[in-house]
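For clarity, chains are labelled A, B, C, D, E and F in written order, and residue numbers in each chain start from 1.
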Amino acid sequence: MRALFVGRFQPLHLGHIKAILEISKKYEVIVVVGSAQESYTIKNPFMAGERVEMLINEENFKNLNLNVIPVTDTNNHAIWVKYITSLLPKFDIVYTQNPLTKFLFEKDGFNVKAQKIYTNEDGKIYSGTNVRNEISNKHEDVWKKMVSADTYKFIKMIKGDERVINLTKQIQ
Amino acid sequence: MRALFVGRFQPLHLGHIKAILEISKKYEVIVVVGSAQESYTIKNPFMAGERVEMLINEENFKNLNLNVIPVTDTNNHAIWVKYITSLLPKFDIVYTQNPLTKFLFEKDGFNVKAQKIYTNEDGKIYSGTNVRNEISNKHEDVWKKMVSADTYKFIKMIKGDERVINLTKQIQ
Amino acid sequence: MRALFVGRFQPLHLGHIKAILEISKKYEVIVVVGSAQESYTIKNPFMAGERVEMLINEENFKNLNLNVIPVTDTNNHAIWVKYITSLLPKFDIVYTQNPLTKFLFEKDGFNVKAQKIYTNEDGKIYSGTNVRNEISNKHEDVWKKMVSADTYKFIKMIKGDERVINLTKQIQ
Amino acid sequence: MRALFVGRFQPLHLGHIKAILEISKKYEVIVVVGSAQESYTIKNPFMAGERVEMLINEENFKNLNLNVIPVTDTNNHAIWVKYITSLLPKFDIVYTQNPLTKFLFEKDGFNVKAQKIYTNEDGKIYSGTNVRNEISNKHEDVWKKMVSADTYKFIKMIKGDERVINLTKQIQ
Amino acid sequence: MRALFVGRFQPLHLGHIKAILEISKKYEVIVVVGSAQESYTIKNPFMAGERVEMLINEENFKNLNLNVIPVTDTNNHAIWVKYITSLLPKFDIVYTQNPLTKFLFEKDGFNVKAQKIYTNEDGKIYSGTNVRNEISNKHEDVWKKMVSADTYKFIKMIKGDERVINLTKQIQ
Amino acid sequence: MRALFVGRFQPLHLGHIKAILEISKKYEVIVVVGSAQESYTIKNPFMAGERVEMLINEENFKNLNLNVIPVTDTNNHAIWVKYITSLLPKFDIVYTQNPLTKFLFEKDGFNVKAQKIYTNEDGKIYSGTNVRNEISNKHEDVWKKMVSADTYKFIKMIKGDERVINLTKQIQ
C-alpha cells in the first residue's frame, strides 16, 4: 500500500519527520514537495531542490522506502489533482495538513487523512510558519530544536537563516 | 557522491537497468524522468506517473538508494538546466544519452558522461525507440525480452502495448 | 446587433438574469464567463463549467438566443481584449460591471455600457459577493431569494453551499 | 441528454452541419471549437472567433439549442480532458472524428462515438483538409459546394480564401 | 564596461535620470524595464512600451549609449536571473533599488550595487510610488516637478494621469 | 519617424547590416530580435542575449540611434502583434522578410515593407540559413565573408561555429 504525503517543507521540521515515520509503518511513502516553483519569498524561502535535499539527506529516513517528488502548482485548482496524479505512481491514500489540498483530492474521489499535528515539550506546534518566525526573530536556540540535526546543519550551510531574515526585513 | 541519470523511459528497458545498476556502484543515483508533460504520443506513449511507477516498482532496483523525479521540459533551452537544478538536490555528475541534454549541462559547467549503451545477444541496441517499434509491430516475444519482468507485467496491465499500437495506427 | 455580457457568475444571480433579459430585448447576447481558470477559492468558488451550466439551464433564458463562452484571464492586461476578441464572434457593444474590464475595452475602442444594478425589495444589491456572503453565513432563506429556482437547485445538488462555507472557514 | 461535438472547424463544412443536425435530433449539443489558440497557419487558418461566428450564424442551426464554446489545447495530453470538462457543463456522450480526442475521452471513462462521415455526390469526403486544399488550389466552384451558403459568404467577406492561398504559398 | 540598470519605471522620474546619468559616466548602460507584462494596475499603470518610450525619448539621455530592454517576470524566482541573462548581452555590474533583484543577482554571483537615491529640494525622495501617489492625489504641480519635461508631456499626451486616478478610484 | 526592423539574427549577417543602414537614413530604428526564447537548435543556435550582443557591438551601427529589443513568440498568432506592440514604443512602419510577420502586422493595420535582399559578389543571398549552412559545412572562409568582422570575432569567441556543427551533427 502506498501513501502520498503532501507538504511544502519550508523547511522540513520535526512534525513532518514524526508524521512520515508514523505513516511509513503502514505504507510505502511518496513525499510530494508542493509549490515547487516557489522560492525566495517570505512564505517559501527555500528552493524545491533544497527542500528535496533536506528530505533525501535526513538520517531519520535512512531505512525508509521514501521517494521524494517536487511538484509545481497549477493556476487552475480544478485540474491540479489530475496534473499531480499524471506525474505520480498509483497511491491508496493522501496525507496532508492543507485544507484546500484535502478538498481537491476528496472532490476527485481520493481517500484523504489529515496529517497528525505534533508539539514540542512546551506545547508549541511544529509548523513551517513557526520555524520561519523563530528564524526571522533570530531565536536560533528555539528553531534549532524544531528541526532535525541534519536540517539544522543544512540550513546553516546554505545560510538559509540569513536568507529568511533578509526576506523578512527587506521585502514586503 | 551523487549522480543524475536523465532519460525519458518510454519505456524503462534493460539498457536503462544495466546502466543504473552500474552507476549505482559508485554513486547515489537521482533518476530524472524527462519530458514529464508528454504522454499519448508515438514518441512518448507513457505518462510520467506510469514511467515513475516502472522505476519505483523495479525488482532490480530494490536494494538501491534511488530517488525518481519527473521533470517537465521548458520551452527555452537556455534556462532548462537552471530550472532542473532548482528542483533537484546537489549532484556531482550527469549521465545521459541525449546529445542536447549533454550539451546544455556542459555549457553550464557540469560534468557529463555518456550513458553506456547495451545490446542483447543478437547485438540489437536496447533503446526506447527499438522497444516501441517492436511493440507497434506486435513482436511481443521480442520486446518482452528487452524489458524487465516487472515492466512487461506493468505494460500489459495498463494495456500499454495496445496504446502504442493504436497511437501508431491512428494518429499521424 | 450583438452584445457581449461579461461577468464571473459566482454564482449566477437575479441581477444577472434581469440585466441579460433586458439587454436581450435589443441584442443577440454572448455571455462571457470570465476568470474561467478560477475555482475553489473564496472569491471564485465555482468552476467555469458549473457557471456555464447555471446559465445554459436557466429557465428564464429558454427563449433567448444566448451563447455562453468561458474565457480565462491573461497575465497581461494589455493583451486581454485582443485575446478575448480572438475567441469571440464580432459584437457591437459590451456590458460589464467591472471597472477594469470597462477600461480595457474602451482603451481598444469598444463601446462599453455599465450593466444596470438591481436590488431586492429591501434595497439590497444583487451581487455575487452578497450571495457568497449570505451562503457562508448560512442564511439559506436569504440567498435562496437572490438566485433563480434553477440556480438554487443546482447549487444544492453540487453541494455548492457547503463548498462556500468550507472555503470560508478553512482556507485563508 | 447532452452531447459534446468536438471539432476544429477549419472551416465549418457540410459534413459538420449534417452530423450536428443528426445528433441534435437526440441531444442538446455543445459544440467545442478545438485548438482555439491556433490561427494563421496552413492547418488552422481561421481564428477561433471566426470559427465560432461561422457556427453561430449558420442558418441550418437556427432552430437548434446549440451552444458553441472555443477551447484551447493544453501542452499535456494527460490533463486535457480534465481541463475541458472543467470549462463545460455536464454531458452524456462525445462525438468526434479525431482518434486522439476519442482515445483521451475514453481513457477517462467517457462514452465516445465516431462522428459520421459524409460525402458529396461524387463520393468526395467533406473534411476541413479537403476544403482547405480546394481553396488553396483556387477551385472556388468546388469548395463553395462543400460549405454552406452562410460559410461561403463569411469566408469571402473576411477574405479567408486569400488568406488560405497566401499561407500555402508563402509560409512553410 | 557594461552596467545593467534594472527598474520598473512606473513612471520614469528624476531619480532614475540622475542615477542613469551618473552611471553612464563610467559604463555603457543597458536599461531593463522590469515587470514588462504588467500594466493598468495601481502599482503598474503604464505598459512596457510606454515605459520604453519614456526612456527612448528622454532628452537628458540623447548623448548616451543607452539600450532599453523590456523583460517580463518569471513565476519562479530561482530561474529569473538565468532567464534575464539569456536575453541580455554580457554585463559587468547591476544597479537596482529592489532588494529581491539584488538578492537574486548576488546569489548567482553577480556584482550588484544599490542604486543611489535622490531627493528634491524639500527632501522628498524621487520614487515611482511617490509620483503615482501625487498623480492620484491630483497634485499636478508636485508630480510635474518629479519627472522630466519629456515624461510630463508624454504622460499628459497618453492621459496617463487620468489613468492613474481612475485605477486608484475604481479598482481595488 | 520610427521603423521596426524584425528579424531572428541567427546570426547577424551583412544583409541585415546593409538593410538596417539603409533604413536608418530615413528612420530611427527599433531592432526586434524575434523568437527570443529559442536557442541551441539547428534553426536557432544562438541565445537572444548573444544576438542582442552582435547587434549592440556592431561597429557599422556605432553612429546610429538603434535600440535592440528581444521579443519572445506567443503560442497564438492572433495576439502576437498586440503583444509586441505592448512592449515597444510607437512606430510608423515595419520592415521584415518573414511572410507571416508581414501578414500579421498588415492584418492589424500596420504599414509593412519587405526588407531588401542583398547578395554577395557571386550572387549568393545573405541569409541566416545560408550562413548556418556554410558554418555546418565548415566553410569558414565562406561564412566569414557573409558576416561583419565583429560578428565573426564574436562567433569564434563563444565557439558558436562549433555549436552549430554539433547541433547539426548530433541532434535530429
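Operating definition for what follows: a contact is a pair of C-beta atoms (placed from the backbone, for glycine too) under 8 Å apart; a residue touches a chain by one contact, two chains touch by 3 or more.
Because the structure is predicted, anything quoted here is derived from the model rather than measured.
Student: Note the shortest touch-path length, in steps, from subunit A to subunit F.
Tutor: Graph distance in the chain contact network comes out at 2.
Student: Trace the shortest sequence of touching chains from subunit D to subunit E and report its length in steps.
Tutor: The distance in steps between these two chains is 2.
Student: What whole-Å value do you get for the distance between subunit A and subunit E if each is reduced to the mean of its CA atoms?
Tutor: 37
Student: CA centre of subunit C versus CA centre of subunit D: separation in Å?
Tutor: The answer is 28 Å.
Student: Going through subunit F residue by residue, note those that touch at least 2 other chains and give them in order.
Tutor: 39, 47-48, 76, 78, 86
Student: Can you identify all of the chain pairs that touch?
Tutor: Every pair of chains meeting the touch criterion: A-B, A-C, A-D, A-E, B-D, B-E, B-F, C-D, C-E, C-F, D-F, E-F.
Student: Residues of subunit C touching subunit F in their complex?
Tutor: 76, 78-79, 82-83, 86
Student: Which residues of subunit A touch subunit B once you look at their complex with the stated criterion?
Tutor: My answer: residues 36, 39, 47-50, 52-53, 56-57, 67-70, 85-90.
Student: Applying the document's contact rule, which stretches of subunit C touch subunit A when the two form their complex?
Tutor: 37-41, 47-48, 166-167, 170-171
Student: Note which residues of subunit D are touching subunit B in the complex, please.
Tutor: For this pair, the touching residues of subunit D are 75-78, 99-100, 103-104.
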